[in-house]
Structures are given as structure tokens and as C-alpha cells.
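What follows is a set of structures to go through.
Below, chain A partners chain B and then partners chain C, in two separate complexes.
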Partner chain A sequence: MSRGFLESTTMAFARAITRAMLSERTARQRGLLQSLDPRVRVVGLFSLVLAVTLCRRIDAVAGLFALAVVLALLSQVGLAILAKRVWWVVLAFTGIIALPAIFITPGDVVTRLGTVFITAQGLRAAGLLVLRVETAVTFTALLVFCTPWSHVLKALRALRLPREAIAMLAMTYRYVFLLVETAAQMFESRRSRTVGVLAPAERRRMAARTAGVLLSKTIETSSEVYLAMQSRGFAGDIQVLCDFRMTMWDYAGLLLFLAVGSFAVWAGR
Partner chain B sequence: MHIPDGYLSPSTCAVLYAGAGAGWYSALKRLKRVLLARVIPLISVFAAFSFVVMMFNLPLPGGTTGHALGVTIAAIVLGPAGAILALSIAIAIQALFFGDGGISTLGANCFNMAIVGSLVAYGAYRLIAARAALTSRRRVIAAGVAGYLAVNAAALLAAIEFGLQPVLFHDASGTPLYAPYPLSVAIPAMMIGHLTFAGMAEAVISAGLVAYLQVADPVLLRGSSDWAQGPSGALELRPAGSSLRRLWLAIAVLMLLTPVGIIAAGTAWGEWSPAELAHSASVSVAVSSQGATVPSGLERLSKLWTAPFPAYAPGFVRSRSFGYLLSAMFGIGLLLCLSLLAQGVVARYRRRGSPA
Partner chain C sequence: MPPLFELRDVCFDYEGIAALRGLSVGIAQGERVALLGANGSGKSTLLRILDGLYPAAQGSVRFDGLPLTPERLQNDDFALPFRRRVALVFQNPDVQLFNPTVWDEVAFAPLQLGWPKEKLIAKVNETLELMGIGQLRDRPPYRLSGGEKKRVALASVIVLDPEVLLLDEPTATLDPRSQSQVIDLIQEWKGLSKTVITATHQLEIVEDVADRIIVLEEGRIAADGTTAEILGNHELLLRANLVHAHRHSHAGVVHSHPHVHSHAKHEH
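Now for the complex of A and B:
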């Protein structure tokens, strides 16, 4: 039991690092989305997520899902990766949540399964929810897989997000990996010294102690970062360099994104 | 508890973005008053810490495991403003980079977990810990209870947001367009898991972290909401500045605004008196079929207690606005008296309990 707890936490850390590395790798590939200005990618994909939530018809959402698949293929994002990391996860989570809606949503009875009834409204509601979530999460995943984090931040700054927020997002992202690695090492070293089964209370104490040491390291790190900022002459003025240049191709891409999103909302109203 | 895209309607998302925006703005404004250069790395690294804590697979009583939010320890160490920003940054990175939680629902997730979660955790911790010594066991219990309450408050909000969707957003055939379950299903479904596992996970990690800090670094538990820069640049905490004057001002403004309620026509739904219920056309149609204009139980129970200021208007006051003002002053005065009385009783009890 204790091994399960230690192993599952270590695995969670490893998954986070693997996912980040995968995203950085796919973001460097040559593809349709990668060829567009990061600001266009952020605005375009965010507007498609918005269009997905605004659509009221399942066929319009299905059309947007097909568009997401085409975009993934043209951007060298493997469908196997999307299926494993997005579609299956969403289906497992949202599918289970949506399933009872088929039976408990009042409406026109389609068929009967023993003592319960399946309604047309329930089927539509469950289908719409699953497809809507799948499509929206696929668009978000495409942004993550096709855009390095530094470019996402610069694009967000171009969209007038406060400088302080950008600075904190950038710094957090950097230290997430440092702390993930530190925590993974702590769990790994503890796992290598654990023989037999720990009592449940001892397991909880161990988790709290590990989190406590991590907290101490967090405070220490923040003080070190502050001193490093001071030593470099930081006086409270945050600068975010944004050296992107929009080309005709980017303007055309932005227009296309907005047009497709608007059309989907109109068709799915 | 991270709501993905597609569960909430765009208008719900917009309202919750506005609520979260107000929280972010006031938190950022509050922190800008202290040294920005010190705050940015502290909040950023703390956000990274919260992110990592959310990945911990915590063993819980009963043999199961659960994930914590890390909102309580952030609220205890950083104060509510710092916790709001740290948690919001962690949630934003989860949504934007790891696809955990949606982009359209980012405002909702931050509102539920970062803003309401932080405020509930901070309020509960301060209330229970009160002026207990930094190494007191009471602080450990306070952190555990605060964690449990914070997670469940955030979950309840999320459940209400889910439950409102089928009521407000459905097509002509009655098909729900977003989260399909009404409040009667969404609240129990959401709360069962949080009242048991998720709430307990947050309680375990918060209490454990406070117990650890009591031994390793008790200065972080001073229960403050402000930072000061020490001579070496290291983190130092100072007690929260007294903002009583502002509180009094806010109470005075709210008191002056009480007559605004008169503008609304009719009575709030469900707050009818027996007379209003009898005269309400829609209600009387509904109940007359059962042969009674006013339910007999309601008529009987309504006579149990007669308020001194019925309908916020004492009998001797002719102006309704003035009646509202007077009621507000009376209500606040009554609460102050009760609060002073309680303080007096607690102080006397403590004096008796302390060694001579």
C-alpha cells in the first residue's frame, strides 16, 4: 500500500515532466499552426473555444471537432497523442459524468432498458456535453502542443494582460519544474529506503513532512530569486519583450479563424 | 473540481470572470502597496508549490487517497490577497499548459478555488486559531478545519454553477445545453466526494503543514496578511494593519444604501406573509385547488413571533426610507452589543483560566 502511494505520486511528477517535454518538442515542428504568429494562434484558438461553448447544436460542435482534427494533422500533432492525452481522458471523465443524464433527463422516451427509460433529450444532452468538452479541450491542447510557453506569455502580454501577471506566470512555470523535480527526488529517495508496509498515519505524516520541506525550500528559493533580481538592478519595472511581426499570412489566418468561429456560432445557434 | 470547457454557458463564464477579475484586481492592488519586487518571486514560487502539492497523492483515513488544493497553507502563510494570486496563477498554468480545467471556465475555477477558497480558509483559520500561541495545537486543528471548509465551499459553488445550467440554458425541446443535472442532483453528487475525500485531503495536508511549520519555521504562522522586507531582503511578516476605519466606513455606506431595497416592487419570492399569499393570484390559484387559500400550518406558525420592526418599519415612523435606516442602525447596534458581550465573557473566562 505504501509503495502504491509513493509510486503513484512519483509517477504523477514524471508524467508532468514528460508532458512538458513533449509539448516543447511538437511546438518546434513545422506545421500549419506553428507557422502562424503566436498571437494569432492564441486569439484564433481561444475564439474557437468560445465558439464551441456558444454553439447550441450538436452538428455544429461536430463540425468544429472535425476542424480540430484537420488542424492537428496539418500541424504535425499525432492523432495517437491526442487520443491518448486528450480524447480518452475526457471521455473517461466527462463520459461517466454524462452517462446518467441519458436516463434521468425528462423528455420523449426512445427506448426502455428494464425499469429505466432512455429519452431523446437525455441522449442529446449527454452527447452534446461530451462532444463539446472533447472539442474545446482539443483546441486548447493544440495551442499547448504548437506553442512554446514563452510565446504564449508574450502573446498574452500583447493581449494586454498585466505585466505583473505575465512575470508571475513565467516565474511560476520555471519553478514548477524545479519543485516537481525536488519533490520527485524526495519521494524517490524515500521509496528506495522503505521496506514493508507503513501504517496509514505514518504515510500521512510522511506526505505532510515532504510537503513541509518543499514549503521551506519554496520560501528559501523565493528569497534567493528576490536577491538575484536585486543584484541585477530590478526596480519594479517589468519589461516583456514582444518581437513578433505580423505578416499577410498571419492576418489571413486570424481572419479565417474568426470567420470559421463566427460561422459555427451562426450555424449552431 | 477543475471545471473543464463546455460545462458552463458563456454567460455564466462571463459573470464568473467578472467576479474573479474583481478579486484579482483588489489582490494585485493590495500587493502593489508592498514591495512589488519582493512579492513577485514569493507568489510565483508559492504558486509553483501549490501546483506541486496538487499532484501529491495523499493517503486518507479509510485506505483511499485524494488530492489537496494547497489553498489553505497559501492563505495562512501569504494572507488572502497573496493566496488569491498564487492559486490563480497555479490554476492558470494548469489550464493553459496541462489542459486541467478550461480556458472559458478559468474565471469560474479561480473564483471558486482561489478567491472563495482562500477567503474561507483564511477566515476560518483566523477565527479558530484566534490568538493562540504559534506552537499551539489549536492552530493545527484550525488549519485542518479551514482546509476542509475551504474545499467544500469551493465545491458547493461549483455544484451550484453546474446545477443552474439546465434551469437557465436548454433548447426548445428541454435538452440541457451544458451541465445536464439540476441542483437537486448536482449538489449531492459534487458534495459527497468533497465532504469525504477531497475535503479530508486538504485538511490532512493543511494540518500537517502547520504542524511542520510550528517546528521548522513558526514565523510563517504569525497569521498576517502583509509582508515587510527585512534588512537582508528575507521574508518577514508583520501583523495586518488595522483597517477598522475602513470597515466602519463600509458599514456606514451600506447602512445609507439600505433604503434602495424599497425600489424593488413586490415581495421577495418565498418571503410572503399569510396576507400576501392569500392575495397573490398565481399562488392562490395553485392552492385553491386543494381547498385552502393559506396553508393552515403557515397561518398558525406565523403568529408564533411578532417582530418589533415588522417589514423594517417601526410603527411610529412614517417615512419608509427612515424606517429602513433606523432598522439598519438598530440591527448593527444589536450585533455590536452581542459581540462586545461575547468578547467580555471570553476575556473573563481567559483571565480565570490563566495561572496567577
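Now for the complex of A and C:
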């Protein structure tokens, strides 16, 4: 039996989750971002994401994208990894959304494809949208690649994110792997007991039933994982081995992030 | 001297389905107890109640003379020493292993309990070596074999050097060598005066891990006695679905009797 959309998506998600786990290794390497206090990384990179969304000029966004590339290189994050996990994926999704803008935005005609026109303004609008998303997601990905998840959570807590929100994020990360594995096993089990090709309607019904069972298992698993965390002393606050301590280097880094972000917003207004 | 755990008329249900029905029992410090019962007899539920994870719907649970209640467990002055003293190893290691690496996993509980950094690092490294999993320290737990996961799960609580170990089916799904390693470990604790409460339905390990057996049947205590007393009562074991009637024939004559395996002896 061939794999359906839902099954392929689940398997792809499982692979993505596995890669996310491996990104913890990158987070523990030595590099520019890794040398900064996690709180500086969180605030600094999110301020750059904010700057990207506020920039209206494509050259300013391109400048921020170049900065993201430089930060990646100085933080031992390979460009091939970024291209594979971030840039191509974003291009595929955002490209579909941005594509119509090339044809429907009125303005100076650059070229003509049959009965439709491509305008310079349309190209600029589509380019700006794609580049903005690419840049924002690259900054966010850099935070994830360069910071162990437990440090991200502790940094968010230090930045006064409510304890309940942190607990939810911690739980999500901890049991998402189990959930994906369970889903993959359910699909494999179903495939092993299915002969021939199912009709699309039957396949949809089966997918709906599987989703229902998966939801029940999700709830059960999440409470099991939470009990296991509680049993070992988890009381809502994330504890990590290293104590966060701001040095001059961290303050300098934070100022630089904020200065670059502010400059980009001013230049791209 | 009061028992370490004292349960009186404890009831618990899962959305109306009774798991424990009026259970009363005391467990003294340093005892090695096996909770023996078929699937669904209430063993895991009882362990969770002893670990303070589930509150009793009715009845009372006391630990070291104090009531074990959700309110008390929300108080750090009680909860931190309790979590330090009592540790539960879950039946399914997958729910217990949720950190990025084996090292982080073993360090999780000491971190939550606020151990000093130097003590924590030394103890985690020592525990990894003790459990023979030092070579796995940087591996993600979800990629380990079943036996390795179980050992990491054990290491993740042993690191605290708890006084009370609650083990939920510690040898289920393990290969013979891993089973033997876990049993050796439990036997080592005997000399350290630890209280070890093992939930299992595997009769073949009971003699090795316990001196007292509590047989559970549909959420009630069906029997409570020494290992020799309980294992010698084949009728009880048969009724509690812990052995099965074994039918075979000798020279054309059909026999039917309980089938028991033991590490110490293999008897029919």
C-alpha cells in the first residue's frame, strides 16, 4: 500500500523531530552565539526578527539576511544545513503564497507571459515577502540551533514568561518525540495489516479514526510524562546546570543586537 | 516504630473504573516487598500512590508518620526531601526518558532538587559508570535499545541514592542478561537497608527481589506473607492468575498442575 499524505507527513515530521534532537549537538559546540548568555541570544535574535518584520525596504532586509548568514558561520552552523532545513522549506511554502503577487500587483511591466503581465512592483513585493520570511526564520532557527532547549526555556522564564507557559513548552518538547514515534508505529502497524490499495474514502475514514486514537494516546502519554517529571522533582521551573551570568561580553552583544536591529528599522523605513 | 508507608482503606478509580478497593497495608523501612498481581490488578496504581503522584480517592496514606497529600506535596519543605528519599522507576522507560542525552537524563532529578554543581557532576558520572552506561552518556535516550533504556531509567533515580525504590516491572521486556543485571542491582540494595517495593507479575524474579509478597487481585489484597509462604500456595497463585494450569501427559495419563519457574529452582 502506498503512503498517503497524512502518513508521509507524519514520517517527515518524525525525521524533522529527530534532526531537532541532533541540533542539541550544534548547540553545545563553541561559536559566537553559543558564547553569549542564552537571555542575550533570545532577546537579541527576537529583536532582529522584529526588525525584519518592520523593514519595508528589500535592501535592508537583504542586509539582515547577510547578517544571519555571518552569524551562522561564526556559530558553526553549516549553510548546507540551513539551506536544507530552513531556506528550501520556507521558499517552497512562502513562494506559493508570494507567487500571485508577481502577476496581480499593478505597476511597470517587466515582461509578459501570454495574457498575464509581470510587474516590477509585483516582483519587489514577492521578493520582499519571501526574503522577510527567510530572514526571520533563519534568525529563529539560529536560536534553536545554538541554544539547548532547556536553556531557551530558562531564558524565557528569566524574561518573565509565565511559569505555566514554560511548563507547557517543556512538556511539548518532552513528549512530542514519543507522540511522533507512536504515530509512526500506528501507521506501520496499519500498513502491515492492509492488503491492496484502499479507496480514497476508506483511507480518509481510517485517517480520521487513527487521528482520534492518536489524540487519546496523546493525552495519556502527556500525563504519563508529566508524572515521570513530577516524580523526579519537577515543580514547574526549569533547572539547568549552568547559571546564567551576564558578563561585559554579553552586555556588548546585547547592545550590538539592539543597535543593529534599530539601525535596520531606521534604514528600511 | 510506625511503618514507613501506612495505607488505610485506600480506594482509587480511573473515571469510575475501580483500581484499588479499600486497601490497607503497612511497609516498614528496609523491607523488600514484591507487589504481585496479574495485569490490571492495581500494582502500578499502588506504586503511584506511594510516590504521591496519585492522591487516594478515599482512605489515607502516610509516609514516615506524615499524611501524604497533594497539599503537602505542594510545599517544598516536604516535597523536596520526599522526592529525594522516594524514587519511582516507571514500567515504560520511554515516558521516563525525555532529555536530549543520557547524561542530561541522569542529571535531571538532582538538578530539580537543587544539588550543587560539583556534587551533581561527580554523582552523575559515578552513577553512569556504576550502571555500565558511561559510553552512552552523549546518546539521545530514545535511540537506545530496550535494555539500555531500562538501565538509564534506573540510573536516573539511583543517582539520588534514594531510601525507597519503587520499581514498576523492572525486568519486563528485558533480555536475560539485562534482567540478571537489574536483579543483581536490587540484591545489592539489600545490604544497604533500602526499602525496595517491586511491582511484578514475573514469579521467577520474586525470590531474588523480595522477602515479603503482597498479592493483589482486582485492587484488593488477596494475600500478604513471606516469599516462601506465598510461592508455596499454588492455589492462590492460580486464582490470582499468576500461574497457569499446565496440562501434559505421562504414558497416556493426562496431568494438570500449576507451572512455576524460579531462578533458584525450576519446578513443576
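What we mean here is this: the second predicted complex is superposed on the first by the 225 of 269 C-alpha atoms of A that agree within 3 Å, B and C clash if a C-alpha of one lies under 4 Å from a C-alpha of the other, contacts with A are read in each partner's own complex, and residues count from 1 in each chain.
Note that contacts are C-beta pairs under 8 Å (C-beta built on N, C-alpha and C of every residue); 3 or more make two chains touch, one makes a residue touch a chain.
As the structure is a prediction and not an experimental result, all values here were calculated from the model.
Legend: residue contacts after superposition of the two complexes on their common chain; A:S231 is shown touching chain C, with no touch to chain B. In the superposition on chain A, contact of A:L179 is made with chain B only, not with chain C. Within the superposed three-chain model, A:D59 lies out of touch with both chain B and chain C [touch as defined at top]. When the shared chain is aligned, chain C comes close enough to touch A:P148, but chain B does not. Put chain B and chain C next to each other and count what each touches on chain A; the higher total goes to B. Once chain A of one complex is fitted onto chain A of the other, the partner contacts of A:S216 are limited to chain B, with no touch recorded for chain C.
Residues 149, 174-175, 178, 221, 225, 227, 229-230, 234-235 of chain A contact both chain B in one complex and chain C in the other.
Contact residues of chain A toward chain C in the complex are 21-22, 24, 148-150, 174-175, 177-178, 181, 221, 224-225, 227-235, 239-241. For chain B in complex with chain A, the touching residues are 4-10, 13, 24, 28, 32, 35-38, 40-49, 51-53, 55-61, 63, 65, 73, 77, 85, 89-90, 92-93, 95-99, 102-104, 166, 171, 173-181, 185, 204-205, 207-209, 211-213, 216-217, 220, 233-235.
Of all residues in chain C, only 48, 51, 53, 76, 79-80, 83-84, 87-88, 90, 92, 94-96, 98, 100-101, 104, 107-109, 111-114, 117, 120-121, 140, 142, 156-157 touch chain A in the complex they form. The touching residues of chain A, counted against chain B in their complex, run 1, 5, 8-9, 12-13, 16, 19-20, 23, 46, 49-50, 52-54, 56, 85-86, 90, 93-94, 98, 100-101, 104-108, 120-122, 124-126, 128-129, 132-133, 135-137, 140-141, 143-144, 149, 152, 162, 164-165, 167-169, 171-176, 178-180, 183, 200, 203-205, 207-216, 218-219, 221-223, 225-227, 229-230, 234-236, 238.
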